[in-house]
Amino acid sequence: MTLSARNRLSGEVQNVEIDGLTAEITVEVADGQTVVAVITRRSAESLDLSEGDTVDAVIKATAVMIDGE
Amino acid sequence: MTLSARNRLSGEVQNVEIDGLTAEITVEVADGQTVVAVITRRSAESLDLSEGDTVDAVIKATAVMIDGE
Amino acid sequence: MTLSARNRLSGEVQNVEIDGLTAEITVEVADGQTVVAVITRRSAESLDLSEGDTVDAVIKATAVMIDGE
Amino acid sequence: MTLSARNRLSGEVQNVEIDGLTAEITVEVADGQTVVAVITRRSAESLDLSEGDTVDAVIKATAVMIDGE
Amino acid sequence: MTLSARNRLSGEVQNVEIDGLTAEITVEVADGQTVVAVITRRSAESLDLSEGDTVDAVIKATAVMIDGE
Amino acid sequence: MTLSARNRLSGEVQNVEIDGLTAEITVEVADGQTVVAVITRRSAESLDLSEGDTVDAVIKATAVMIDGE
């Protein structure tokens, strides 16, 4: 993969919800930890996503915050 | 949980690198999958982050992309 | 809250609008200055936001631009 | 200003810190509430920002989170 | 224009699609290359965007990734 | 490339500047219009970017603003 985004979490699509121009994709990345992506409906349709698909959740490092709790 | 960001991946700090105004924090979230966060030096210092700390990587859903591969 | 995001503006919810998968929350932060957040419907519902609630608008420093006018 | 970003908080520059490629600008928006922006050094130089300048902190609504506390 | 965002691509609006709280604006920037913006319905309405309008697509440098292919 | 990000502008690397943890990449996308990306030093190094390389500038639609001028 040649994309500069540093974060690539592989997992399985658990849910695809499309409404209006927006799609919400839930991906189980590991041990029950899930990642939710909000993408455009057109992206979800062109990627033809459905439950059970293996995908990567891709995230730019500048978009990640740390909660030190 | 009171923050609207949908993604909260718990894990252990593997590395803290600070240079100039920027800090790069690497967190092992599960099974060897890591997440890198770019935050400000001041945030890293005020959170007093160091290797081995348990933290959450927090990500807004609109910042997550899907690679359908 | 020990989150790395540098910006936390406290204020009162003026309006909550939910449509499809998206919610638009308007918060009066001070002296009539308002901040609008676009979050997911699920976040708005799980935070159970309504007019008059005291909340913080939280923003990562890398998401803020400056208009020097 | 005809920019689609919904959030425009006016205030006074309190601090400009430049190091390497990055600049951190602190703006007092109201009643002691401050906003920190991380922009590029070149932007800070081309805007010729200095303490006391009146500026707007501009933020896209999708970048704002809500902490319901 | 005095905004710190480093990227400003001028072009012509090809399409404006509004649904619920969201608007998707397609801009042809050059040689058939298009840029799609997701903004809020209210922004699209207040900018009164329609096909054929000349606009700028404005993007913060920290939001741009590089695919080295 | 099967990434959900809607914007992919192809062009040629004009400049690569690395300082500390950050890298600033300038890409000429068309007709003299350039796009600047701020990525991490490690991404720039792992992509082994240099002037003259053909790359894509990749941008999520939610990160694009419209200036109606």
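Going in written order, the chains are labelled A, B, C, D, E and F, and every chain counts its residues from 1.
Here is the rule we go by: contacts are C-beta pairs under 8 Å (C-beta built on N, C-alpha and C of every residue); 3 or more make two chains touch, one makes a residue touch a chain.
Predicted model, so just to flag it, every value in this text is computed and none were measured.
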Chain D and chain C - chains in contact with each: B, E
Over-half contact-pair match to C-D, picked out of the listed pairs A-B, D-F or C-E: A-B
Length of the line joining the C-alpha centres of chain A and chain F, rounded to whole Å: 22
Rounded Å distance, chain B centre to chain F centre (Cα mean): 23
Overlap residues in chain A, where contacts from two or more other chains coincide: 2-6, 19-20, 22, 24, 36-40, 42-44, 47, 58, 60-63, 65-69
Pairwise touch network: line, ring, star, complete, or other: other
Each pair of chains that touches, named by its two labels: A-B, A-C, A-E, A-F, B-C, B-D, B-F, C-D, C-E, D-E, D-F, E-F
Residues of chain A touching chain B in the complex: 1, 5-10, 24-25, 27, 29-31, 33, 35-39, 43-44, 47-49, 53-69
Interfacial residue positions of chain D with respect to chain E in the complex: 2-6, 37-40, 42-44, 47, 58, 61-62
Residue numbers on chain C that touch chain E, as the complex places them: 17, 19-20, 22-24, 36, 38, 62-63, 65-69
Complex contacts: residues of chain E adjacent to chain C: 2-5, 19-22, 40, 42, 60, 62
